[in-house]
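We just call them A, B, C and D in the order they show up, numbering each chain from 1.
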Amino acid sequence: MTIFDEWDAPREPWMLPGACRRGRTRRLLLEVAARTLFPTMLVFSLYLLLVGHYSPGGGFAAGLVAGLAFVLRHIAGGSVGFGMPVPVRPPVVIGSGLAIAVLTALVPLLVGSPALSSAKLAVDIPLLGPVSAQTSLFLDIGVYLLIVGVVVDLLRSLGAGIERDMREAEEWLP
Amino acid sequence: MLALVLAHLVVAAALPMVSARSRRAAFGVAAILPALTLAWALANAGPALGPGLTSTTAWAPTLGLELSFRLDALALAMIVLVSGIGAVILVYAMGYFGPTSEDATRSAALLLTFAGVMLGLVLADDLLTLYVFWELTSVTSFLLVGQSGEKRENRRAAVQALLVTVLGGLAMLLGFVLLGEAAGTYRISEIVAAPPTGPMVTAALPLILLGAFTKSAQLPFHPWLPAAMVAPTPVSAYLHAASMVKAGVYLVARLSPGFSDLAVWWVPVVVAGLGTMLIGGWRALHQTDLKRVLAFGTVSQLGFLMVLFGAGGRIAALGGIAMLLAHGLFKAPLFMIVGAVEHAAGSRDLRKLSGLRTSMPGLAVAAAVAAASMAGLPPLLGFVGKETAFEAFLGEGGVRGWAIALGLLAGSVLTAAYSARFLWGTFAAKPGVAPTPVHAPGPLTTAPIWLSAAAGLALGIAYPLVDAPAEAYAGPGEYHLALWHGLGLPLLFSAIAIGGGLTVHVLRTRVDRLAKHSPFDAQHGYEGAIAGLERVAVVVTGRVQVGSLPAYLATIIVVVVVLIGPATLFGGAWPVGQPLYHSIIQVPLGLAVAVAALAVVKARRRFTAVLLVGVIGYGVAGLFIVGGAPDLALAQFLVETLSLVAFVFVLRRLPAHFTEQPSPRRAQWFRAGLAAVGGTVVAGVAVVLSAARVAPSSTSADFIALAPDGAGADNVIAAILVDFRALDTVGEIGVLFVAAAGVASLVLATRYDRKGLSASVESGQGSPRHEEDLVG
Amino acid sequence: MTALIALPVLLPILGAAITVIGSRSPTLQRVVGVVVLLAVSAIAVVLLVESDARGPLVAELGGWAAPVGISLVADRLSALLLLVSALVTLAVLVYAIDQRIADYGRGTVSTTFHPMYLMLSAGVSLAYLTGDLFTLFVAFEIMLTASYVLITRRTSAAKIRAGMTYVTVSLLSSLLFLTAIGLVYAATGTVNLADLAGRIELLPPGLVTVLGLMLLVVFGIKAAMVPLHFWLPDSYPNAPGPVAALFAGLLTKVGFYAMLRTQTLLFHREEPWTLLLVLSVATMLVGALGALAQNDVNRLLSFLLVSHIGFMLFGLAVFDAAGVSGAALYAAHHITVLATLFLVSGLITRRTGTVALDRMGGLARTAPGLAVLFAIPALTLAGVPPTAGFVAKLALLQAGVAAGPWTTAVAGVVIIASLLTLYALARVWVRVFWGEPKPALPDDDPDDEVVVGTAERTPVPMYAATAGLVAVSLAIAVFAGPLSAVTGRAGVDLLDREPYRTAVLGVGP
Amino acid sequence: MTGPTTINLAMAVTVGVLYTAGFYLLLQRSLMRVLIGVVVLGHGTNLLLQIAGGPPGRAPIVGTGTAETITDPLPQALALTAVVITFALTTYLLALGYRSFVLVGHDEVQDDVEDRRIATQKMPSASLDDDQDHTDEDHTDEAATRQDPS
């Protein structure tokens, strides 16, 4: 019973970025894994985004997978490695995603169709040949961006923000 | 006519600008419109006494709401009071309010506003129009009685006047709606011409009378009127003697021609009227404040008028019109005299005033004229009215006639007595009291007094002038208003009233002693009712609004259970042949989810609970896969993972155990029981409802058919999310957007420092930094 | 024309996105907010005029006809409420902007306030316009989540409890709503309201009742119907002035609107609804008595808000065209008047430094303009003629009296509740505006958003915005004729149901 | 999708247990337990929404089956939306619980002070009848600030 009493009440905080239980050595394995997995997961998320129209996937799932990639990176690298690949504030990413989605909804009004109508766009791209896509893909892209932004924002607030509070309360020193 | 009413309000709104230059001039300007109104009404006396002058403005026709006005004989008589006396009193107010008075600006504007809405009230030919102006008079009265609101007695009197009159007013509104619905119209002239009948009318009339009684200070609602005497004297003279308090009487007079033959109408009116006349008269005999003497006198006279107008019959109606005018013309000067005396002598306590008869002889004569009219002495208008009143009920005979006549006689004795008491109290030289030093009032004060007192005398002598509108109101007949009807019972009654009144006055010391044993005090009734109401409010609110979140949530669940449970039991049936499972994997997965759910309940540590929630989440995702929903399952897996991460992020800083004080065992059992019942009800309802489905989904086949070509997607779920129901998706990411912003604002901007100083904050008290610091 | 219908929803969302992306520029945020809400107001005017002339306007989003796609429907009821709500939202935004400028300076940026405010507006618009039960849920979530953020933004320790109550109760109601949607779908296989109206009739009557009650509870929580109202007086008073004004004006009415829409469209009745009559009586009385017990002016107003929800419930409970149109008219006026009163209360608090009635006094002398700004909406709420409140109350009374003896008795309760309302407000008047002037108290909770005791720093636009709302409520009174005609026609259509279903589904069922 | 939509007993029991656990946790005083209650209840509603579509079948992807064997896609789409919304609300409530803990040192939901104060009164403080100021003891009376729903 004592084991059951103890196992889930650790004496140290969990999931602190870049910190190991004793000392300041980074968890090498985790970090390497994160560095390898991060781009892989991002690519996988793009795949999910694009195939969403045909098999399970779509903007949501894709965004969440990409978001989890950032989570992994945060846990492995902490605030040190934290952040977007490009220097942009998460709320802006969220806002952009939302804006893209709403604009996708509004644009059809300009051509006289009902809001949120979609159409098939066929574009002839050099080298690739004709590519056709549903305009609703833009909505999916908006969703994808927004979800990635939301997850990164959560890392910023619930992750880094709480860690900062802990630092200031001197409950944890990185 | 609407324009005339509105003109009052517009000028009233502009009056403060005049006041800013001269406070006296404001009252002078204010007096112009009422005077013009009186002139307009008199100029239209011909049509008014004949067919009537009407005008209607539509407001909300679907609701039968229109502003409909009609100038007829009764309205004409009321305009004499409302606009005629109004103009006189406004002139008087020029002298009453000093040039530096702080109350003058407000009072001038409000008095003119009042004159406007009162004009609208007496001209209204529509029940709803009448109600509109009726309540506006209540509000204006509230503000005029309250004045600056800095004195406690003003505040209390104002609130009492408001509550009592609005209580009646609201009841009356319901009565009006009932009457209007029964009659199919709100037009008063049409209703009176063809009175509706039936239970709705029977219900409507008492409600309407409640409005009339409260407004006209009838038993047992009368105490607000004496209390309202804390207002400045011009306000008392105008609102609480000449015009507003007549509104109830006026309403009875308006509707009586249609309903006075119904017992539900005349019995309450006569009982309340006679009772009020007697109680008011009796109380007036014991007041020492001259204004309160007059106030109770007004109460008494209002009872008298109620009886005259409500009992029915042509002669009573004639007497009613005469008394209506007479009362305005004697009560207004009497009030103004009190105001003048108070200014001149510094007191209105009749025990302190002495010898004013010699120092203010002019006022004393005017007072004598007005008081004589009040007491019913010839040749004043008050005598004419009273004679007719006695004639009406003595002529009617029978038990009812004699009972009313004797009641009126008793009331008239009291009236004569307090008239004498007023004259004596104000002007007599009292033994043992030194003559009160006075300074003479100016002509702006005395002229209005004389004008109105003399009008009572003039109309008494020139009684045909009153007879004309009275007959136009009451209908043609043989009996007419006159000073001399020959010797008879009415004259005898008048004589008894005067003689008896003087006797009572002479015996005043004994009467005073009797007053100590007053068994019934309506003022206490009012105060008790208010205190009781507040007590009920606190007790009910204390019991109902307990302030506990678990109690609120429990209430919601109880409501769901109580409403839905029985309805399902009675309304539905458990399906026959309900399958145990559709796919065998559902059983172990469901079991795992259920066990985890029950374990969560028992978990004492946050981390355990979160892990168990994860088990539930993944289990549900598994159920989604089994159910043929791979997209949903994928989303559920990912979301659950992300939730777990978020939970762990937060749990890092929280204590390992749930920190809540243990609840009593009984409370826990109650919660568990309620939760179990709630869960059972939801699951049961779901089964019953799903079994009751008769048609397949309206859209399922369409979605599958349309998705490949219409939406360009083989994945129907994706097609629904980004095409068929894309708006839901936009809304959903909107929610995410909002939630993310909310989380950031809660966690990052833990404390907003207004002055922009990032002073350091104690540990555990949040971060001093703005959200913006982190954003930027 | 139908292109316009989606704009009141999409424009504020776009505005919210822009204000986040451009959150470095407070000026941009303010301009976007005001412009978007002005546009929504203008669109609402067009929708009201058009829907009154031509019947319900339907936008089939994505070009998919119902029930495959989501339809937005602007009929008289939704367009009217949309218009009033947009005007209130706009006025409150102006008030809030100037309060923030006065308290924090012109250059203060905020990443949350403007976006949340616009999202809330979008949620409200969507709730009015949607013709789909699930989208209604989404609309509620947008609106409520934004309201959570607004009510808990920068809360102090003393007030976070209020936020928790609000959020938790709302979450439970949302989950019950979702449950109800699940149950509805299990039984009927559709979530489109117009489609549902036909399909629900195929169910046994007992089960129709179950669904009706479920939705009644769900929307009853949002609308603060007794006994589901407890959360409201514990939470709204702790929100900052403009936020409380917005909540009091809009949120409960959106809940009531949803109740009105679903009950009339899906659960047709021929007789007055006894259960709801009883609940409306309880709501009116519990709210009014609660107001009498309060000392905090905002709590007093919150209880009055609850009480007057009972008036609207009464109109719905009568369940005929007159009652329903009376309820609609009442809701329209109620949105403006409650928002105004909370704004005035905010102005009072800025001046006195307190919300406790027994600690203020004498404002009639020191702030006569404020006295007028309070008096007009107070009289309106009390239903004193000739205000909009009177007209709306009259409509309810007429409906009640015409529908029979029982509803007439409940009309009597309306009368009693009106009297209690007047008493409560008269007491506010006596306590706040009369009496001896008292000095402003220091801010007792300096951590929170509300800055008090700063009369000299109250900018004119705050008064102007409040006065603008007073003007809106006066306009409702002046134009009561056309408005009551519109709500009258709306009531007939709601009870008839056919115009709505025909417009959405194309053919009569 | 054909056949009766009747929810099977296993799923009904699962849903019932989820609701029971969710309701029970909602009635607790610790905001974190309330939050877990919301999450559990959310799982229950999402499951209910999904099974409201009917018995299991093929995934709703064109080509995997005929219209008869494919499950009803709409409830899945609705449930998916609901899952995401529930997630959004969960994180929000989580942050609220955190902030409550930071500000007041615990995440327990307190009773409303003003409500409790009124419950201990005899007459309203702002009654018309007494004009004297109230002493502070009325305002800080927190003796009775806890009460259980039973």
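To be clear about the criterion, contacts are C-beta pairs under 8 Å (C-beta built on N, C-alpha and C of every residue); 3 or more make two chains touch, one makes a residue touch a chain.
Owing to the predicted nature of the structure, the values given are computational and were not obtained by experimental measurement.
Novice: Based on mean C-alpha positions, which chain is nearest the centroid of every protein C-alpha shown?
Specialist: If one averages C-alpha positions chain by chain, the most central is C.
Novice: Whole-Å distance, chain B centre to chain D centre, using C-alpha means?
Specialist: 41
Novice: Whole-Å distance, chain C centre to chain D centre, using C-alpha means?
Specialist: The separation of the two C-alpha centroids amounts to 23 Å.
Novice: Where the CA atoms of chain A average out and where those of chain D average out, how many Å apart are those spots?
Specialist: The computed centroid separation for chain A versus chain D comes out at 27 Å.
Novice: Counting only residues that touch at least two other chains, what does the list for chain A look like?
Specialist: 54-56, 60, 91, 94-95, 98, 102, 105, 116, 118, 154, 157-158, 162, 165
Novice: What parts of chain C, by residue number, touch at least two of the other chains?
Specialist: 10, 13, 16-17, 20, 23, 61-62, 111, 115, 134, 138, 141, 145, 148-149, 152, 164-165, 168, 172, 179, 182-183, 185-186, 189, 233-234, 292-294, 427, 430, 435
Novice: Specify, in ascending order, the residues of chain B that touch 2 or more different other chains.
Specialist: As it turns out, chain B has residues touching two or more other chains at 155, 159, 534, 537-538, 541-542, 545-547, 549, 551, 553, 555, 630-631, 635, 639, 642, 646, 650, 653, 682, 686, 690, 693, 696-697, 699-700, 703, 714-715, 717, 721, 723, 725-730, 732, 734-744, 746-747, 750, 764, 766, 775.
Novice: Classify the chain contact graph as line, ring, star, complete or other.
Specialist: Chain contacts: complete, every pair touches.
Novice: Taking the touch rule as given, give the residues of chain A at its contact with chain D in the complex, in rising order.
Specialist: Residue list for chain A touching chain D: 54-56, 60, 154, 157-158, 162, 165.
Novice: Touching chain B in the complex: which residues of chain A?
Specialist: Going through chain A, the ones touching chain B are 8-10, 13-16, 52-61, 64-65, 67-68, 71, 89-91, 94-95, 97-98, 101-102, 105, 116, 118, 120, 134, 136-137, 139-140, 142-143, 146-147, 149-151, 153-154, 156-159, 161-162, 164-166, 168-171.
Novice: Give every residue of chain D touching chain B within the complex, in rising order.
Specialist: Contacts found on chain D: 1-2, 4-30, 32-33, 36, 39-40, 43-44, 46-48, 50-63, 67, 70-74, 76-81, 83-85, 87-92, 94-99, 101-103, 105-109, 111-116, 118-124, 127-129, 131, 145-150.
Novice: Mind pulling up the chain D residues that touch chain A in the complex?
Specialist: Touching chain A: residues 59, 61, 80, 84, 91, 94-95, 98, 102 of chain D.
Novice: Would you tell me which residues of chain C are touching chain D in their complex?
Specialist: 134, 137-138, 141, 145, 148-149, 152, 155-157, 160-165, 167-168, 171-172, 174-175, 178-179, 181-183, 185-186, 189, 191, 233-234, 292-296, 299, 356-359, 427, 430-431, 435
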